[in-house]
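Listed next: structures, encoded as structure tokens.
Two complexes follow with chain A in common, the first pairing it with chain B and the second with chain C.
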Partner chain A sequence: MLVAEGLMVFYENMLALNNISIKCGENQIIGVFGANSAGKSTLMYTLSGIILDQMKKEKMRGGEQITVMGEISLFDQDISSLKPHLRARRGIVLCPERRRLFPESSVLENLKIGAYMATKKEAKETLDYVLEIFSPLKKLLHRSAGFLSGGEQQMAAIGRALMAQPKLLLLDEPLLGLSPAYQQVVMESVKRIREMKKISIIITEQFARPVIPIVDYAYIMENGSRVMSGSGQELLDNPDVKAAYFGV
Partner chain B sequence: MEILIYGTVNSFKLILIAFGFTLVYGVSRLPNFAHGAIFVFTGFVAWIMMHKLNLPFIPAALLSLVSAALVGVLIYQVILKRIRGMNMNEIIATYAIGVAMIETFRWLGFKGTTFTLPVLFEGMVFIGDVPVDYQRLMVVAVGLVMLVAVWVFTKFTKTGLALRGIAQDERAAMMLGIDSDMTATLAMALGSAMSGLAALMLFPLGSIVVEAGYNTLIFALAVCMVGGIGSWGGTVLAAFVLGFLQVITVSYLATHFQMVVTLGAIIATLIIKPSGFFGKHKELEERV
Partner chain C sequence: MKTGMRKERIDRGIKVRSDGIYALSSWREMSYLMAPRALLVGGLLLAPLILHFFPYWQKVLLIVCIYALLSMAFDFLANYVGLVCLGGSFFVGVGGYGAALLNKYLHFSPFLSIPVAALGGAAFCTFLLLPCLPLRGVYFAIITLMYPLMMTRIIEAFELFGGTNGMMDIAGFANPWAEQYFLIISTLVFLFALRRLAVEDIGLVIRGIKDNDQSVRASGINITVVKAQALFCAAFLGCFAGAYLAHMYMWAGLSMFALDFSIIPIAATVVGGGGCLLGAVVGAILLVPLSEALRAFGPLRIVSYSLILTVVIVIKGEGLLNYLSRKYDQFERWVEI
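For the complex of A and B:
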């Protein structure tokens, strides 16, 4: 469904993404692994179109020049120049790094804001669904989102993204700062979301081990370039990868 | 007793004046320095509709509110959209528009004290032994209705929730499909209409003068800065603090010290707590 070809992103003359091509089929989970500054977040911003907003604001401010090249298509339609909110309307919803919940709003209100593009019926159904897979949120609905723990925030953030009725859900470092127990919970729920909602998911993460069991295909990035790709098993079998990304 | 009643009325007057400004800034980080000009503009438009087009007060008032909202939309679509994100330029541009609007009215001959809007209900009541005219009670009532309306709008409607989202984290809201230009346009329309509503409520207490444009802007700024710019709760609280301060000044000192106290409050806020009662300095966005 999503095909990105030859993505290049420059911040001034620093190359953040170097000729990245990535594909995601329907109902697939794709993993993107890499250390800090490998370009994972930049890739997510490029796919979701946020980079265009950054570009516009930097240009207006006369700040650093951001250059974006390459083509992105969704369901065979070119979306490379679409603004982020229009891409969201076509079904690409990003659940950003560090979650970025609306801190002054309650959890319920966060979910409601997420349902901006949904019909009343969809919103209600998705809300029930979110509370079913993330049952701890039920007790926190009226707590303001800024006061949640990391794991709770991540559940709320994924829930909020689901409320936007994504066809392709982008999860940028969803395990960042979570305890192993919560990592397990989040990964289990991602799997369930794929099975029940029949959507595609792209996950980025620094540390591949908790994610690799659920991905269909994965890419490994280093300094903005793709260094390797393959199915989860192929990557697990590769000794270099093992040493660098699985901590074995 | 007198201070209590007139202080409350004056506080709601400030809420009416300042809330539109704080709404626009809170939602879209746009400082609308044409706020005071839109205040005067609405007053004159209502007057023109009544006296040149012979409309009754209510339709004239509604039409003038619509035109205030339109001015807000135009300012955003024609100018602010292009310079968004550069605060100094936004201030200079909107202030210039404001001055141009106000001075155009002066140039067209709208000066002196001959321009008045009628009050909605004639008469007065005694609260205890203090006489209060209906128009001042209307100021309080309309102020309350406006606050409740904004609260309901931002809590229970999809568009209102979108405004809350954009106000807290613009990019996170974009990722959910909310259009930042749309919300900013809407915020400008609402904020300008609120300024217009303030004008329609307050001008009947005196006469429409162009200078009111500048005073209104200063009052709005003072309330917003003391309360924490962009914070809605802070604005209401600051309106009460300043509202009562002004009334106390008027009854114990003299009327012309009102402005001194207002400006003094800005300076005191800047010295003691620059972000105001509930203001927050947003952290600089981290690099990706």
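For the complex of A and C:
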């Protein structure tokens, strides 16, 4: 469903993404692994279109010059120059790194903001279903999001992204700062989301071990370039990859 | 989205060379570094001589310097300390009344009363604004906006310092050259001193507070003290401008708390480009004469003034000086990928 060809992103003269091509089929989970400064977040911003917004803002205040190149298509339609909110309407929804919840709104309000484009019926269904997957949120609905713990915030953030009725969900480092037990919980729920909602998911992460069991296909990035790709098992069998990203 | 080509911005060789120790190796590099500064300093110093036969514009030049001081204070607070100050008029008023009182009752000469009023006024302003310094956000802006209004009402209600008539018969400057060069040289000295301060250790801390005050606190620094010091510097500039104004007009009155002194510096900073102090000065140099020239439009003056401001902000939101300095330091070229 999503095909990105030859993505290149420059921050001023620094190459952040070097000729990246990735594909995501329907109902697939794709993993993108890489260390710091590999370009994972840039890739997510580029796919979701947020980078176009950053580009505009930087230009306005005379800051860094961002250059974006390459082609992205969703369901065989070119969306390379589509603005982020229009991409979200077509179904690409980003759950950003470090959650970016609205700290002064309650959890319920956060989820409702996410459902802005959904119909009432969809919103209600999705809300029930988000609370079913992330059951700890039930008790926290009226607490302001800024006071939740990291794991709870992560659940709320993924929940908010789901409320927007994604066809392709982009999860940028969803495990950041979570305990191993919580990581398992989040990964299990990602798997369930895929099964119940029949949507595609792209996950980026630094440490591949908790993610690899649920992905169908994975890419490994280093300094903005794709260095390897394969199914989860193929990557697991590769000794270099094992040493670098699985901590074995 | 162009494919295959990208516009690249690279520092000029001469900039890279003159950033390091090689700056002193050739006249070319030294003049590259000095030229923009020399242009400003020389220009301001020569201006009174050039304008000798246009006494009206000599006065405008002085108003330019007054607004340059206020714009520097605003830019310093907004872009280095992270406090949005809407109280330029508060500083001007406090400085102006301070100088007037010193002159009238203690018979200080202008050259003594201006620095003393600036120091005392800055301490007074800092003290009054102290309660909202530990906070981030809108509090500082609101309080600085309220104080001048409050001062006006207090002076009116209690008939203090001449009430609505203001204080007259303040000593003026005996010598017109001294009058002009005193202000121009002070403005230049404050400009370069403040720029220097911003790159010293205390400047680093101040900018750190703007970015993340909690991290600065975690480093064991009392941010209220540092903010108070920074505010004192900015208030000093504002009070200096006010004190000078009192002696220039030989009068101190309620119009020193007028909103103009708060708003025009903000406009100047936006037009000139915030974040480097020089931009604020350049903005004042452009805007004040412009607003004088627009007097021909009569009632439409503010309309044309606002239109010009809006156009500048929409087209060059980064500010004029930031744009120019980029063109001066870097070149652009298309490269193939």
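Basically, the second predicted complex is superposed on the first by the 248 of 248 C-alpha atoms of A that agree within 3 Å, B and C clash if a C-alpha of one lies under 4 Å from a C-alpha of the other, contacts with A are read in each partner's own complex, and residues count from 1 in each chain.
Here, a residue touches a chain if its C-beta (ideal position, glycine included) is under 8 Å from a C-beta of that chain, and two chains touch if they have at least 3 such contacts.
Remember, it's a predicted structure, so these values are computed and weren't measured experimentally.
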Checklist entry - Looking at the overlay on chain A, is there a clash between chain B and chain C, or do the two fit? => result clash
Item to check | Which partner reaches more residues of chain A (counting touched residues only), chain B or chain C | outcome: B
Checklist entry - Between chain B (first) and chain C (second), which does A:Glu12 come into contact with in this model arrangement: first, second, both, or neither? => result second
Next on the checklist: Touch test for A:Arg61: chain B only (first), chain C only (second), both, or neither?
Outcome noted: both
Checklist entry - Of the two partner chains, chain B (first) and chain C (second), which one does A:Lys138 touch, if any: first, second, both, or neither? => result neither
Checklist entry - Touching A:Ser80 in the superposition: chain B (first), chain C (second), both, neither? => result second
Next on the checklist: Contact-wise, after the overlay, does A:Met69 reach chain B, chain C, both or neither (first, second, both, neither)?
Outcome noted: second
Next on the checklist: Going by the contact rule set out at the top, does A:Lys198 touch chain B (first), chain C (second), both, or neither?
Outcome noted: neither
Checklist entry - Is A:Ser48 in contact with chain B, with chain C, with both, or with neither (first, second, both, neither)? => result first
Checklist entry - Regarding the shared-chain residue A:Lys124, is it in contact with chain B (first), chain C (second), both, or neither? => result neither
Checklist entry - Of the stretches 133-141, 169-177 or 223-231, which one of chain C hits chain B? => result 133-141
Item to check | On chain A, the residue positions that both chain B and chain C contact, one per complex | outcome: 60-61
Next on the checklist: Quick check: in the complex, which residue numbers of chain A touch chain B?
Outcome noted: 16, 41-42, 45, 48, 50, 53-54, 57, 60-61, 83-85, 88-89, 93-96, 100-105, 109, 112-117, 160-161, 163-164
Checklist entry - Any idea which chain A residues touch chain C in the complex? => result 8, 10, 12-13, 60-63, 65, 67-69, 80-81
Item to check | chain C - residues contacting chain A, complex | outcome: 1-3, 6-10, 273, 316-319, 322-323, 326, 337
Checklist entry - Which of the residues in chain B come into contact with chain A in the complex? => result 83-86, 155, 158, 161-162, 164-165, 168-169, 171-180, 288
